[in-house]
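Each remark here refers to the structure printed beneath this line.
Residue numbering begins at 1 within each chain, and the chains themselves are lettered A, B, C, D, E, F, G and H in the order written.
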Amino acid sequence: MSEREFLHSTIDFEREKRQGASEVIYAEHKRPQHVRDIAAELVANGQNVFATRATLEHYQAVLEVLPEATFDELAGVIQHKINHVEHEQLGKIAVVSAGTSDLPVAQEAALTAEFLGGDVVRISDVGVAGLHRLLSRIDQIRACQVIIVVAGMEGALPSVVAGLVDKPVIAVPTSVGYGASFGGLSALLGMLNSCGSGVSVVNIDNGFGAGYQAALITRLKPHQA
Amino acid sequence: MSEREFLHSTIDFEREKRQGASEVIYAEHKRPQHVRDIAAELVANGQNVFATRATLEHYQAVLEVLPEATFDELAGVIQHKINHVEHEQLGKIAVVSAGTSDLPVAQEAALTAEFLGGDVVRISDVGVAGLHRLLSRIDQIRACQVIIVVAGMEGALPSVVAGLVDKPVIAVPTSVGYGASFGGLSALLGMLNSCGSGVSVVNIDNGFGAGYQAALITRLKPHQA
Amino acid sequence: MSEREFLHSTIDFEREKRQGASEVIYAEHKRPQHVRDIAAELVANGQNVFATRATLEHYQAVLEVLPEATFDELAGVIQHKINHVEHEQLGKIAVVSAGTSDLPVAQEAALTAEFLGGDVVRISDVGVAGLHRLLSRIDQIRACQVIIVVAGMEGALPSVVAGLVDKPVIAVPTSVGYGASFGGLSALLGMLNSCGSGVSVVNIDNGFGAGYQAALITRLKPHQA
Amino acid sequence: MSEREFLHSTIDFEREKRQGASEVIYAEHKRPQHVRDIAAELVANGQNVFATRATLEHYQAVLEVLPEATFDELAGVIQHKINHVEHEQLGKIAVVSAGTSDLPVAQEAALTAEFLGGDVVRISDVGVAGLHRLLSRIDQIRACQVIIVVAGMEGALPSVVAGLVDKPVIAVPTSVGYGASFGGLSALLGMLNSCGSGVSVVNIDNGFGAGYQAALITRLKPHQA
Amino acid sequence: MSEREFLHSTIDFEREKRQGASEVIYAEHKRPQHVRDIAAELVANGQNVFATRATLEHYQAVLEVLPEATFDELAGVIQHKINHVEHEQLGKIAVVSAGTSDLPVAQEAALTAEFLGGDVVRISDVGVAGLHRLLSRIDQIRACQVIIVVAGMEGALPSVVAGLVDKPVIAVPTSVGYGASFGGLSALLGMLNSCGSGVSVVNIDNGFGAGYQAALITRLKPHQA
Amino acid sequence: MSEREFLHSTIDFEREKRQGASEVIYAEHKRPQHVRDIAAELVANGQNVFATRATLEHYQAVLEVLPEATFDELAGVIQHKINHVEHEQLGKIAVVSAGTSDLPVAQEAALTAEFLGGDVVRISDVGVAGLHRLLSRIDQIRACQVIIVVAGMEGALPSVVAGLVDKPVIAVPTSVGYGASFGGLSALLGMLNSCGSGVSVVNIDNGFGAGYQAALITRLKPHQA
Amino acid sequence: MSEREFLHSTIDFEREKRQGASEVIYAEHKRPQHVRDIAAELVANGQNVFATRATLEHYQAVLEVLPEATFDELAGVIQHKINHVEHEQLGKIAVVSAGTSDLPVAQEAALTAEFLGGDVVRISDVGVAGLHRLLSRIDQIRACQVIIVVAGMEGALPSVVAGLVDKPVIAVPTSVGYGASFGGLSALLGMLNSCGSGVSVVNIDNGFGAGYQAALITRLKPHQA
Amino acid sequence: MSEREFLHSTIDFEREKRQGASEVIYAEHKRPQHVRDIAAELVANGQNVFATRATLEHYQAVLEVLPEATFDELAGVIQHKINHVEHEQLGKIAVVSAGTSDLPVAQEAALTAEFLGGDVVRISDVGVAGLHRLLSRIDQIRACQVIIVVAGMEGALPSVVAGLVDKPVIAVPTSVGYGASFGGLSALLGMLNSCGSGVSVVNIDNGFGAGYQAALITRLKPHQA
């Protein structure tokens, strides 16, 4: 095995065929030059670039080789699209978030879904302690086919939303909180124990995972199987 | 020290004077005859009897000496009142509970508050996954001065209630749930991390503690200090 | 509030309209006669009966009023259908389970999805330590639109399955295991940290939740929103 | 949705009417300019400003738009009052703290209660290992209507105080300690398991929550309901 | 290795010489006949018998071979002394306990210390929520050389006692409590984080360990080393 | 309450009389000037200064007012003695530590015991994985009256030492380790579950607590009570 | 899928070829008749039977079809060998256990290794609190090629053993203990943090896993690869 | 005891004889000059130097005394060999890792095994979500005698590998992950609960421990005992 392969990742160029999406770069803990090199190699192989948990340093390194790449600082996402992903959609994806501090995770979810061809509606600052804000936007949420709900602290929002809709809800706990939130554990446990039906949960702060699954759902085609 | 004192509790007959309530018997893990003896001694000293976490066996033992004692099987509470506790009240106490399985804890809270002279309004089965049920009774809740909210699983109800009222909310997590509820831990953490303002929390399944504090609050008298 | 309402649940007869499914009875910790009474009332209101975590005692009580009700002992599910639920389906739901001990949870998931109109394919005993068993059935799994994966112990199966398909995977950790499985915690954490994309997770042993969400997904209709 | 709304919070200007207090800014993790902008908008809408967990940087940003704002460095609280909040009070609020290191949290509690119109008595350095210090000030504590008790490490002070008074006690665990204090967990568990009656608990280091609830209690008016 | 040695324990008859006490039988999980056989063998080798965590069944088995053995049902301790242990003592050992439910553990501590020649003073029902009870007996406690403090729930008593004396305090957390006491974890953490100086801690419910160490301390002889 | 009292600690000048030792300064999280001021005030009142968890910055501040104060950098202890503490001793205290990284905690224990008049023997680098090192020094350990054992990682040393001596063992878990040592939890649990008799435990890294208790023990006087 | 396959396990008859051992039956939670049927089917296919965590009821069911099966009650293991497994061995396997209560797990390890052809030396009751017992048998241990060490409570024995030998040590934590042993967690963490080199760990009470790995090691053949 | 001995470690020069390897320096938390001094002393005594968890600063200090020492930055390992370690080997050791971020731990394992004379095959980036990558290299893995498997997140790779080989598998969980990976806990629990047979586990990120045990195994010699 060459040194190069050992230090970087072995890129899986067949993944798009097998799983419907090219490889995504998880930038956290990777050095800027490694992210840059993987991005360059993806593009050289005709694939789109999507990097999560990226910092400005990662972005600057990527710009050296892909000067048209974009960076969403809120979500920490670098993108460079060379192929237009177009999938017939079952409908829209709502990304609903509880508080201001949950926005980076919500945005990661939204950008991921959009990268995979999804059509996203963003609804923010509708935490359960101010129910009128949620109720005033419930029709917008009900008009979507899949609902991603992002919340920290007690993680109660998915339960309330699930009780108001008849669509699948993907809950994303965030590490927002302090003290007995234990880095997002309280929100995670709250969502896993949701009394609402039709709720599933992803890892703490895993906006990417929720956006990915939501996009897979809206890509489903009737009578395909 | 006599054998008797060592094996039973030393009853604190001055407690009523000092803290405004006679001693309460926590029956769990106590033998029926011990609960019976403590009850008899309280009455012999002119004090009311209130025992929590009691079983039918405890009750049958108490009946041997106090044939007029009553038993609430749902809450596991034995009572025998010889003094009428009368305190001028600031207003009513709402005991709001999420699901059917939370009722034993809610009833323990309600009976405790009533034992201490409180005026209780019971509102049950208003969990957050069916918001319309809660909203249809919110005016009744708002008419109270203190609100006890009892919920298991994700423990989201106190946050929602606190956002709809301007009164103190005492949250009681219950051990209702399974799997990642970890015996009530999920509800407890949810309530401690409530995004609602004005919420405090008692131990898991501690209906007694919530009812007790609520009663202390409604006993407060203006300009007393 | 009447004694009756306090002790039982307030049945939400509008739920079917609002959420697309009548109320489900969670029988655990409920007394047989309560489950019987709720079942009778649902039928009296023209709704189907579906009770989870039920025992033979619950079933015998239900038989008193609904002699045609059926009982699946493996999953602990009582059913009585008076309305035929018919939803146009996007496709089939795979229920894939790792070991023999995971079957009760897998069956709860399968029966729930079927109760809501889903078309279920059951694939069992394909744990990751014997990969050839999974690979020999992968085409069957790929032919489904949603995949429920049920596993205890280290909970690795969803990661492996997610890497082989391009459909949403709903992972169900089970409490199967001993020692450091800590009642299903190891499987739960494993699934939440899955390196596979498109995986979401429900509570430990929550076959019902996974089946419910899977059914919601296969009910989605294109261009609805 | 506009970019602006997405990045900042949606201020809830009706909150004062609904809940009796304008929105409070939780400054932690917010950028100085965001805190500044929210503060300016609150004042522009005729509302008071109260920001917790603020740093000197936050304060300097706020001074750009509200040069008369004040900063309590110990508690990390920025204030700017344009409306005088005046509520008839049931009596005083005691803020009792165990050790020197608990003072920031105690001061957050005190300032919050005062912001909401409460009348606060501060009593510090009365930890249980030097009981004479507590006993020498117990009359001052007994003269209050609500007692906030702030303590880290083993969190024993609320139990001792609750045994000496007949008023509601709101316990605030702090993250003061090391090793097996696990960031405040030991104090939190200690307070939740208090053998004293009439004790409820808020999140670790949540002086704000305790001060808020105490103020709600002293605002209660007899015969209101 | 013989079957006999494999199934039972290898008794360490030299232990008395090496460590100053014969082997103690931990009866929990041992079959009655095994406890009986070990007891018989100890006596046959001229050693005293002391078995903890014993049940009535264990005792009845021991009576078959040692008809003069005694049983303390409260503590679950079987004893049979053939050698009189006499050690010059530095002074008395106080065994102080918080509530009635802590008595089995307190009694195990007291009997263990006495078995090793200690002179024990028992003081019970002096929990911190009723401080007057503790203060009324503090002189008795101060007259001892070592103080064992036994408490469950929040485990606050050792901190209070340590602040009132200048002697070593050995704290014993008990599993008394419910909900967030997590089987004695709250008391254990409370004691480990005690703000009192001179406090050390043994395992949850380990009255034996505390009594043993206290006896070792009172056996110390000046200028021995 | 004056600002001064609120920001600093209320020094307990009677503590020496009541508990046999002047107040100790826990410097962690205290500002250098606060440590300096408390130190100055202690000396002004004729008391010795002993500060733990101190940094070079703390020391430099103390030097401004007490130019003869000393600093042990390994343990982080500042001292300034004006009274010679002289207590007749029962014998020596051994401070036994497992690995190099445990030395700061061991030294804190040793200095604390010496500050209180104890006579300390230091024995280091005798971890259980190299048993011959421990055995070669066991006679030195046996010659002491109290044994403090300091260890991180699996915390096994106290069990081994307790099996070789007939004196009280005070175990100090350290946070030395990584991964599943969880900040000292593994060593703490190991010591609490020690199969050795006569072992008690203090908080993680609490060398001070162990040294303090050991000194209290060696100060005990026969026939005092 | 047939009902039969769904309710029982799909037996993997190729496993012996692929992994060097026929399937083992984990009897816990399986019904006696299922264990009987699987055993019968294994024998019908020319494979040996080895069932762990079996009870007397399981054994009685197996006897119906395999009257020559044997049962080790201590370990809960049922065996029936029709093929003699013969592998050239690298050497002996030591199974070393700390206390009497650890014997069931030690015996499960020993029987598993023997079932796979291993040559086992059993050494019991050599816990670290009585070091002389271990040292007196260390030569026997050193004469083995692989050492399995079984211990509960603080789990210190593997560290001590690993320091005395130059062979691989497989550590098995047991659930023996109480209180802060948390069902074997203390022993597990102790072993994972072992300061001894060459130690690896299996799940709590997993004697089977340790015996299996030890047998795999002694089957290794030089120059095979 | 001299100051020098107290501050540094007591080097165990007999270890090579007793355990087959000279002492290894665990550099984390050690000051560069201490690592330098220990390294110099080892070489002065004719021993090889191997330091783990070293930084560039450690390396630069070592270079002052051992200018030919080498540094592997990926693994953080400093080496200086003066004796050639030559052991007849049973065969090769595979070091298999799941993702790019697991490489530092994998490399630590590989270098440790090689330092002890092992013959290592490195296989990386074969995580379970891309099974084809693992299957394409399985023959290479099967050709080894011991297999080290390194993985973070859900830690599923050892189960899959163990199902495909008949050799001992040593699993190394890494702290790679976020949120509910809790610093490697999820991978650790996953591996401990592996459904694969023949798997044992070392501490989180403990590549050294796995490499050490693997080398011990490949050093075993037939018929030695």
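In the analysis below, contacts are C-beta pairs under 8 Å (C-beta built on N, C-alpha and C of every residue); 3 or more make two chains touch, one makes a residue touch a chain.
Keep in mind the model is a prediction, meaning the values are calculated, not measured.
Enquirer: Under the document's definition of touching, what chains do subunit A and subunit G have as common neighbours?
Expert: Per touch definition, common to subunit A and subunit G: C, H.
Enquirer: Counting hops between chains that touch, how far apart are subunit C and subunit F?
Expert: Contact-graph shortest path, subunit C to subunit F, evaluates to 2.
Enquirer: Let me spell it out: compute each chain's centre from its C-alpha atoms, then which one is farthest from subunit F's centre?
Expert: Comparing chain centres, C lies farthest from subunit F.
Enquirer: Tell me which of C-G and G-H has more C-beta pairs in contact.
Expert: G-H
Enquirer: Using Cα averages as centroids, what's the distance between subunit F and subunit H in whole Å?
Expert: 36
Enquirer: Roughly how far is subunit B from subunit H, going centre to centre by Cα mean, in whole Å?
Expert: 57
Enquirer: How many angstrom lie between the centres of subunit A and subunit F, each centre taken as the mean Cα position?
Expert: The separation of the two C-alpha centroids amounts to 50 Å.
Enquirer: CA centre of subunit C versus CA centre of subunit H: separation in Å?
Expert: So the centroids are 44 Å from each other.
Enquirer: Can you list the subunit B residues in contact with two or more other chains?
Expert: In subunit B, the residues touching two or more other chains are 99, 130, 163-164, 179-181, 185, 188, 192-193, 197, 203-204.
Enquirer: If two chains touch, include that pair; go through all of them.
Expert: Between chains, contact exists in these pairs: A-B, A-C, A-D, A-H, B-C, B-D, B-E, C-G, C-H, D-E, D-F, E-F, E-G, F-G, F-H, G-H.
Enquirer: State the interface residues of subunit C toward subunit B in the complex, per the touch definition above.
Expert: That would be residues 1, 5-10, 12, 15, 28-30, 173, 175, 183-185, 188, 203-206 of subunit C.
Enquirer: Applying the document's contact rule, which stretches of subunit D touch subunit E when the two form their complex?
Expert: Counting only subunit D, the residues touching subunit E are 98-99, 127-131, 153-156, 159-160, 162-164, 177, 179-182, 185-187, 189-197.
Enquirer: Give every residue of subunit G touching subunit H within the complex, in rising order.
Expert: Interface residues on subunit G, with respect to subunit H: 18-21, 24, 88-92, 143-146, 163-170, 188, 192-193, 197-204, 209-210, 212-213, 216-217, 220-225.
Enquirer: Report the residues of subunit D in contact with subunit F in the complex, numbered from low to high.
Expert: Contact set of subunit D toward subunit F: 74, 99-101, 103, 107, 122-125, 130, 132-133, 176, 178-181.
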